[in-house]
Amino acid sequence: MNTWSWGYVGDILPDLLKGLGVTVEATLLGSLVSFALGLVWALALRSPSRWVAWPVGAVVEFVRNTPLLVQLFFLFFVLPSWGLTFSPLVTGVIGLGLHYSTYTAEVYRAGIDGVPAGQWEAAVALNLPRRRTWTAVILPQALRRVVPALGNYVIAMFKDTPMLAAITVGDMLFQANTIGATTFDYMEPITVVGVLFIVISYPTSLLLRALERRLVR
Amino acid sequence: MTGALWELFFKGVWITVQLTVYSAALAAAVAFGVGIARTSRLRVVRFLSGAYVEIFRGTSALVLMFWLFFALPLLGWQLAGVWAGTLALGLSYGAYGSEVVRGALGAVAPAQREAAIALSFTPWQRMRKVFLSQALPEMMPPFTNLLIELLKCTALASLLSIGELTFEAKLARLSTGESAQVYGIILVLYFVIAFVVTRIMRLAERRAKASVGRAPEISGGLFSRTPAVTGTAAPAAGGGKP
Amino acid sequence: MSADTHLPKDAARPAGGTELIRFDRVTKRFGSHTVLDALDFTVSAGKHVTLIGPSGSGKTTILRLLMTLLTPDEGTIKVGDAFLTHEEKDGRLIPAGEKHIREVRKNIGMVFQQFNLFPNMKVLRNITEAPVHVLGLGKDEAEERARGLLDLVGLTAHLDKYPTQLSGGQQQRVAIARALAMRPQVLLLDEVTSALDPELVAGVLDVLRDIARTTDITMLCVTHEMSFARDISDDVLMFDAGRVIESGAPEKIFTDPEHERTREFLGAVL
């Protein structure tokens, strides 16, 4: 039975913080991908054409109902055989972004549905073109409503980034694992990683709750 | 794909289902225990249960799993991989589930409490006969969402070399080199399990609603689930992705 | 206040008295409920017509059909020389395409019960948005037009505010300015004071009276404000169960209605 060593924590902290940098980078890039792709899905799902809405709906359901980790393995091992070679981090960002886009699509859908019918009617009465109605009237109002919900998915994604360690991305868990494998002492590295997750995600979720209270009157 | 590989996959499916069931049972126990504790009149009980939720919701399920598997043995407790996985998933999803329980209990009309007191039920009878029975139908849709998330999360156990579906896929990939085929099949298998789980939960939801005399609302779609998030940031509310 | 300088004076505008709107056997159903039953009626250019009648009698449906927020189940609607929801092709009528509808719809503006201002845009941009993006006006020209209209509705001081910072009455006046900025031939007013606190109604009605008096815009108005209807209307149409049961000059309808249902209705609201 070993005891907790602060000296050891001090030694490994720089490596773990380097991993944290990668974790944050993957989260932010993955978020951007999921925000953009989710919007594409949400708009496609509203398409009057069944040839657009149905296949997109099927893909979204499939991706949402299967594990991110397996999707990451699929991208990591299969994309290169299709001639698409990316770094592990880029592969991870694509995986995170794609997976979470199926959630953000639902958020956008709810946000768009929440815009009052009168806004659409006013746009018709002013004869605004369809594209302009979306970009100037509907989306600005819908996006404002969805900020807190999107923020929650950013936190969820943040907590899912340790999965990227499985495809050799040098995130926090990967660093902790590497350290543990050489020193045979996993206690400090993994504990510190777990605490860092709480230290970042809890205040962020408090901030989001405050933001939500402000945005939703 | 040879017969032997399919055998491998079905063995993996079986372990995945077992992991899901064990973790879900633990998560349900934690969810109701902690969820009810959060409505306690004792401040210290409320604080401790609240702290539990924030800690287990705040950290990553995978990190927790690694901690239980790699770090805990150093304190003298050696956990088999399956139990580290079950414990990590059950404790994490119990925290998410407790928010669902708390939310649904809070939504029961206050008059119901007064009525129950007027009938001189004991506090425990009040909770069981009045609150839980009315709140249960409300909990079912978010529980379904959480259960699917939990099922997906069991894939993480493969990283502890537990022989569930994703781990068997890794073995199959190593032996055949057919990555696209192997992972394609695995994804479809997960999808099928998720579909079956959703259907079972829909049945349970219908029964729970029928037991309080409410007609189930009709919803379309392949999965017929209640939409995960409805623009609210309160992580408990939608119960979609934790 | 010199309203004329800001308001439509379109050379191509049909001369007063010519027919501008024609409903020809228009039927509209919601499910099994028939709201409008083979309705015929016409409105001449420049006239101010008020539709009255019990709720559910189909008045608002008429405005929404004209604004293309609804499509008729049967019959045709003509605005000027063009069909609103149909196109003529090889001598036959076919449902109109988006382009045709947009072209005809340009002639119509609408003010809603709930204002429906765009909450994400300041007052000035609410008014300039459509002139810039539909009529293709330059930003400066659109803003000049908007300022003129804000002057007309008495809100020049508020052009830099968001709609939520205004009272209901002010919002509705902005909505009127926004509709007028498109210089429509026809202005549809759908119970524009129903959502307002009583003390704010007068300001909105005064603006509308001004517009009715000083412009030659055609107005089609659904309202429960009978004294306002009497002031501005050239014609009053009394609706009941999807049909016009009586029509005529306001003096006639309000003082000496012929139909029993009209008497009952007016007795109840006046």
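Labels A, B and C are assigned to the chains in the order they are written; within every chain, residues are numbered from 1.
Basically, contacts are C-beta pairs under 8 Å (C-beta built on N, C-alpha and C of every residue); 3 or more make two chains touch, one makes a residue touch a chain.
Here the structure is a predicted model, which means the values were calculated and not measured.
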| item | value |
| --- | --- |
| Set of chains whose contacts include both chain C and chain A | none |
| By count of C-beta pairs in contact, the leading pair of chains | A-B |
| Chain closest to the middle [Cα centroid of all protein chains] | A |
| Most widely separated chain from chain C, with each centre as the mean of CA atoms | B |
| Intercentroid distance (Cα basis), chain C paired with chain A, Å | 47 |
| Distance between chain centroids, defined by C-alpha means - chain B, chain C (Å) | 55 |
| Interchain centroid distance [CA atoms averaged], chain A/chain B, Å | 20 |
| Complex contacts: residues of chain A adjacent to chain C | 116, 118-119, 121-122, 124-129, 132, 136-137, 140-141, 144 |
| Interface residues, chain C side, partner chain A - complex | 67-69, 102, 105-106, 108-110, 112, 114, 116-121, 129-130, 133-134, 178-179, 182 |
| Chain B contact footprint on chain A (complex, rising order) | 1-2, 57-58, 61-62, 65-71, 73-74, 77-78, 81, 100, 103, 106-107, 109-111, 114, 145-146, 148-149, 151-153, 156, 159-163, 166, 173, 176-177, 180, 185-187, 190-191, 193-195, 197-198, 201-202, 205, 208-209, 211-212, 216 |
| Chain B residues touching chain A - in the complex, by the definition given at the top | 54-55, 58-64, 66-67, 70-71, 74-76, 148, 152-156, 158-159, 166, 169-170, 173, 179-180, 183-184, 186-187, 190-191, 194-195, 221-223, 227-235, 238, 240-242 |
